Structure formats: structure tokens, C-alpha cells
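We just call them A, B, C, D, E and F in the order they show up, numbering each chain from 1.
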Amino acid sequence: MFGVTVRDQMMIAHSFRGDVFGPAQRLHGATYVVDATFRRTALDADDIVVDIGRAAEELHSVLAELTHRNLDDEPAFAGMNTTTEALARVVADRLAERVHAGALGETGRELDGLVVTLHESHIAWASYERSL
Amino acid sequence: MFGVTVRDQMMIAHSFRGDVFGPAQRLHGATYVVDATFRRTALDADDIVVDIGRAAEELHSVLAELTHRNLDDEPAFAGMNTTTEALARVVADRLAERVHAGALGETGRELDGLVVTLHESHIAWASYERSL
Amino acid sequence: MFGVTVRDQMMIAHSFRGDVFGPAQRLHGATYVVDATFRRTALDADDIVVDIGRAAEELHSVLAELTHRNLDDEPAFAGMNTTTEALARVVADRLAERVHAGALGETGRELDGLVVTLHESHIAWASYERSL
Amino acid sequence: MFGVTVRDQMMIAHSFRGDVFGPAQRLHGATYVVDATFRRTALDADDIVVDIGRAAEELHSVLAELTHRNLDDEPAFAGMNTTTEALARVVADRLAERVHAGALGETGRELDGLVVTLHESHIAWASYERSL
Amino acid sequence: MFGVTVRDQMMIAHSFRGDVFGPAQRLHGATYVVDATFRRTALDADDIVVDIGRAAEELHSVLAELTHRNLDDEPAFAGMNTTTEALARVVADRLAERVHAGALGETGRELDGLVVTLHESHIAWASYERSL
Amino acid sequence: MFGVTVRDQMMIAHSFRGDVFGPAQRLHGATYVVDATFRRTALDADDIVVDIGRAAEELHSVLAELTHRNLDDEPAFAGMNTTTEALARVVADRLAERVHAGALGETGRELDGLVVTLHESHIAWASYERSL
């Protein structure tokens, strides 16, 4: 199995609802350093998993919809806590939609899976893995 | 599949028995930077894998039983080499016991698995993965 | 010249005023991974620059006054942009006050200088250096 | 499942054929920081996955055949693009050959799998995973 | 003293002349992860050292003139070895020219100094520091 | 001013004397990831600060005298605490002796200074800087 990973980042504000979150119930924020890994069992005719330039652009586009925002104000996240793990799924699912829509070309349709990891600090990160 | 990881560290002395270890048969030591990853197929009602604060506390408690010690003197490790990979299992198994005992709450009982990685330097690390 | 550094972090929300900031004029947030370096020309009688445990506690206390907050609401920052470089000075100055008040003990009073670095992502960071 | 990883590096020149590569069709180069992970379900009698010293030597030997070269001139790579993901497989397959030939000793023959990751920069890396 | 750093990268081929370089006399290559630090004694009216967006763009432009090239073919480097330390000066001097030409605006003219660090691997890097 | 840095590591056991050290008064250990930076105002005729291969060898030789040992048993450290900062000076001073003895060649004698940084974990490190 092959994997190719690209890294980018976003900087957001948010707050959480629920006693489990303690002081994180207050409005605060985070930088998420985001790794997106594209998986595939065989390389294509160019000896690549995916066009890494397009993969980086798609990840950047997905993060551009989130960065420099207060996620508490985003209708897409109404009724949910935008925890690191929940956002990892959001990023992965939005990337998957783009792959399915052909954003990575025909060869991108042969991808098997996707892992998205969001690093919230030097001591904590979360990931979400899904098939494609 | 979701994963949430917390990082902590311990600083121990030890020595190894066996020709394969060369100069590491002498008493020496290591800083282990320790990553514990908690895995789960679905998020709970708070949109989390685990209460990350409690997860960090449990990892810290497990490492507190090991850090600032000479592991050669610990009865728990009599007859075994406390290699990086062996200690990864020790940390994982002790975390698993705590999870099973309810240390991460009821929601923690729904965790599927655990991975513990011990970094011994910038060029070597080891991990142990188990189900919960 | 000796230096000892401890690392901690804070997660804050804020916005900036001024066209130069582009989309960062919107409310957003950041994780700042914070390094505080304590400098001294000679070691003390214990062969240390500073009691590293107390240094880490003081850094943690300074960051506890900032983390999990919307800095736009903090009176201390009225009329200024809480940029990464400006916050590096805030953290350094607050640490310096504590050192001068004796928080690191008598030996801490012999420190020569302080550098605080705030990492806002994997591709950007800022620092502030001052004497003590 | 246990894993032990060692890190080393190589510095190569190469060029790619295919419009998908854009400016990387020109002769350029890369440092690959290479992680090789050896996997095994149980530890051996010495409580190790593999003799880490020998594992590091084998990885170093594999990389010595590639580093400080223009890969465009290597007959082994005629007709293929030496992309990061393709080189990850090359390194993994060459390590696997050595393991099968006994380079890691009898205990090395009990390894279950191998993962090789090549980091080409702080924002991109690729990996290849195979059984042994 | 304040400093703001941005990170980017370039991937080049080159060879060295001189026995001291051993196998690096052959054509090979490197990824250079490049950190550019802008220094200044006081913040400007916006509470910044420099417009970080423009600083990142200028660094990217300087690296765009070098990346995906064989530096042995560049007239600018005739008669010199493009070592990591020599390239650090090249990048710093080219950034300084841009700063002096006003690329970072009027406020950029008040910068005091510049440090450029090129990381060639996880175990080696070089830097060049100059005034502005 | 130019700087070239090489990284290596050592794994030692030790204990500290003095109440300030708390549990670190017990025998424990550490991995020190060690960075040695060689500084010089001008490059030599080969466009280098120092022969990086020889610099790495000298650092490795200095660390080989310390690694895989219990520093409490080393006569060289009798009567001192082998703290991270104290060991940074030991490594720097031993490197300086080698430079002065010609270990880095005639060109090495033109070095201006040396910085040695010892990383004891992901959250703490110390450095010592001296002239040559």
C-alpha cells in the first residue's frame, strides 16, 4: 500500500459545549497543522499515487473554507462541537467529495483511502481515516 | 476510524542483557517521548473520542510510575529487557487496564484500540498497538 | 553563555485591526507553542541556570492567564494587535516581572536575559529577546 | 503488533517525465529523510523486534547505493519516474531482500512487515507498506 | 529585539568541486527547508515586525529562482560551490536586496537584520546572519 | 556570520545532588539529542564553514566518550551535577579542544565560535555558547 501526504494549516476560533471541556467552553482558538494522506495499492502510469500539486491545492481549498473564521458562526457546524477529531472528519469528507467529483483527475478516482490528521499543539493531535 | 493522541515523556536508567545489545549492556539511560493514541470508530455525544484532559492525566500517571527510576531495580521488569518496544507494550497495557477500570469514564469503555509509541531519539522509535 | 529552554502552549482567539492583516481581521484563533529561554553567563552552585521545574511552572502560570480566551476581550490588550511578535513580548515581560519578584528564587535573580518564541504554525514563528 | 523504526537520509538528483510534473521535469534534487519500520507480532527472546543496530546498518547500506547520485543515470530506474512514492517501494523492497537473505539474523526472518516513509520536505512525504 | 520567521523550501541538484566533499563531488541534490528571520528592535504602528504575508511571498520568489534547477548550470554560481552555507548567504542577500528595494513596504526599511537557515536534512543545517 | 550545525545523540544514566532536583536525585537517565554549531565570519576557499563530515565525526567521538554510561561513575564529573546545561559546556569544551588540536584541519582553526545544544525531551533543552 502506498501513501502520499501533504501538509497545510488553518487558524480558527471556536468554543465547546459540555462540562467535559472545562475552560475550552470559553471562546478560544487553535492552529491546526493538517496532514492529508492519500492511499492507493498501485502507482499510476506516471509512477505516482496522486498529482501532489493538485492534492495540495485541494487541501488548501478545503482549509480556505475554514481558516480565519469563528467556527461557532458557521451554519455547517450548528449543533456539533468542532473538536479536533470532528474537524479531521470534516476535512476528510470534504476532500473525499472533491476526489469523487474528479478534482484529482481520473487517476484520483483510483485512490483507496484517505487519512486526515490535525495537530492542535506539540502534545496533542487527532486523525480520521476513511475509504474512498 | 478516529484517533486522538497525547504526548508526554519519561526519563529512565536501565541496562540490557544479551550480546545483541553491545555497549547498551552497560547501565545507561533514555528519555522516552511517549505518544498514546486512543482509537474509536464513532465519536461520542460530545463529538470526542475521549476526554483528552483525562487521557493526558492517565498517561502521565502511568509514566509517573516509571520516570526518574533505574528500571533494573523494578521488580515488575525482573527477567526482561526494558527495550523501547517492550516498554511500549508496558505503557499500553497499563493504560488499557486503567481504561477497563473506568478511568476514562463510561465513554472510554467504547474505545476500540490503543497505540503507544516511544521515541528514544531523533533517529529511533518503537510502538505497540493493541485492541481494547 | 548558557541557556535553558522550556516549552508549553496556549490556545487563543483574536482578531486584528489594519488592512495589512487581510482575512486575519476576522475573528480567528491560534495555538501558540511557546518556548522560554533563560540565559546566564555562569551556572549556580547546583550546576544549573535555573530550577527548570519552577521555570516551567512560571511559564505555565503566565500562559494560564491567556489561554482559552478571546484576547479581543482582555482589557490588557486594548488598543493593540495581539500579533505573534507582540504576544512574545507580553509573555517575556510577564516572565521578567516574575523573575524580578523572586519567583525563580535568589539564583533566578542572576539571570542575564530571556528569549520567548511563539510558534503559530509549522511555517511561522516570532520571538522577543530582552535582558533581565 | 510491535514496530521499530530507524531514520536515515539520502541526497539525490533526478528529473521526471510527464506533464503532470511541471517544473519537476527539469533536473533537480531532493533530500529524503527515510524512516524504515519493522513490524512483528511478538518480541524475540531478547525482548526486541529486531537488532536495531543491524537494522540501521542495513537501511544505511540500501541508501548508500542511492545517495549522492543522479538517479536519471541509474540503470535500475530506466523507464520509471523516481518519485517519492516509487523510491519508498524501492527502499522497502531492497530491505526486504536483505531480510530474506538473513541480514537481520534468524530472528529477522520472523518479521511480519515493513513500512518505508520518505520525507521530501516539511510539507510532503510518501510511504510504502509491504509484508515480509 | 523582535524576530519573525517564515519557512519555505526548494529542491535543487548540484555537485561540488574539491576533495573535501568526497562523494558529494558527484551530481546529487537536496531539499532545503528554508527559514528566513526578519529582525527589528521595535514593532511598527500595526504591532508587527513585518507584513508576514509579503515576507513569505518575497522568500517564495527568491526560492522560485533556485528551485527545480541544477545549480551547476546557473551562471550566478559559476566558480563557487553551492554549499548549504553559501546558499544561505545567497538567499539572505537576495532577500536583503528586495527589502532595500521596498518589497516589504516602508516599514520593511526599518528592519535591522536578517537570518537565513537552510536545513539540508534532519541532522545538518547552516545559517547566515547579516544586518539590513 | 555563518553557522553550520550537525546533530547526533547520546544515552546516559545519572543522578543529581541537591533538593532543587526533587525526584531527579534518584538514578535515572536521558537521551540527549545534541546539536553542535560551528561559527565563522567568512567561508574558506571551498565555500564552507568547516568540513561537515569531519565535524560530525568529531562530535560523534566526543559523544562516544559519554554515551551508554552512568555518568555518576565517571571521574571527570566527580563533584558536579551533570545537568543538561553543564553537559552542554562539557561537549562544547571538548569539541573546542579538538578544534584547537587541529582535528578540523587548518581551516577549522579559523572558526570564531561554537554553540552546543542538548535536547533532553520535546519540552526542554539547554545550550552553551563559547568563542574558539
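Just so we're on the same page, a contact is a pair of C-beta atoms (placed from the backbone, for glycine too) under 8 Å apart; a residue touches a chain by one contact, two chains touch by 3 or more.
The model shown is predicted, which means the values in this text are computed figures rather than measured ones.
Here the C-alpha atoms of chain A line up with those of chain B after a rotation of 120°, rounded in steps of 5. For the touching copies chain C and chain F, the fraction of interface residue numbers used by both falls below half; the interface is of the different-residue type.
Centres computed as Cα averages put chain A at a distance of 31 Å from chain E. The distance from the centre of chain A to the centre of chain D, each centre being the mean of the chain's C-alpha atoms, comes to 27 Å.
Shared interface positions of chain C, i.e. residues touching 2 or more other chains, are given as 7, 122-123. Interface residues of chain C, counted against chain E in their complex, comprise 16, 18, 20-22, 80-86, 88-89, 122-130.
Residues 1-8, 43, 46-49, 51-53, 56 of chain E are the ones that touch chain C when the two sit in their complex. For chain A in complex with chain C, the residues that touch the partner chain are 7, 9, 11-14, 23-24, 26-33, 67-70, 120-123.
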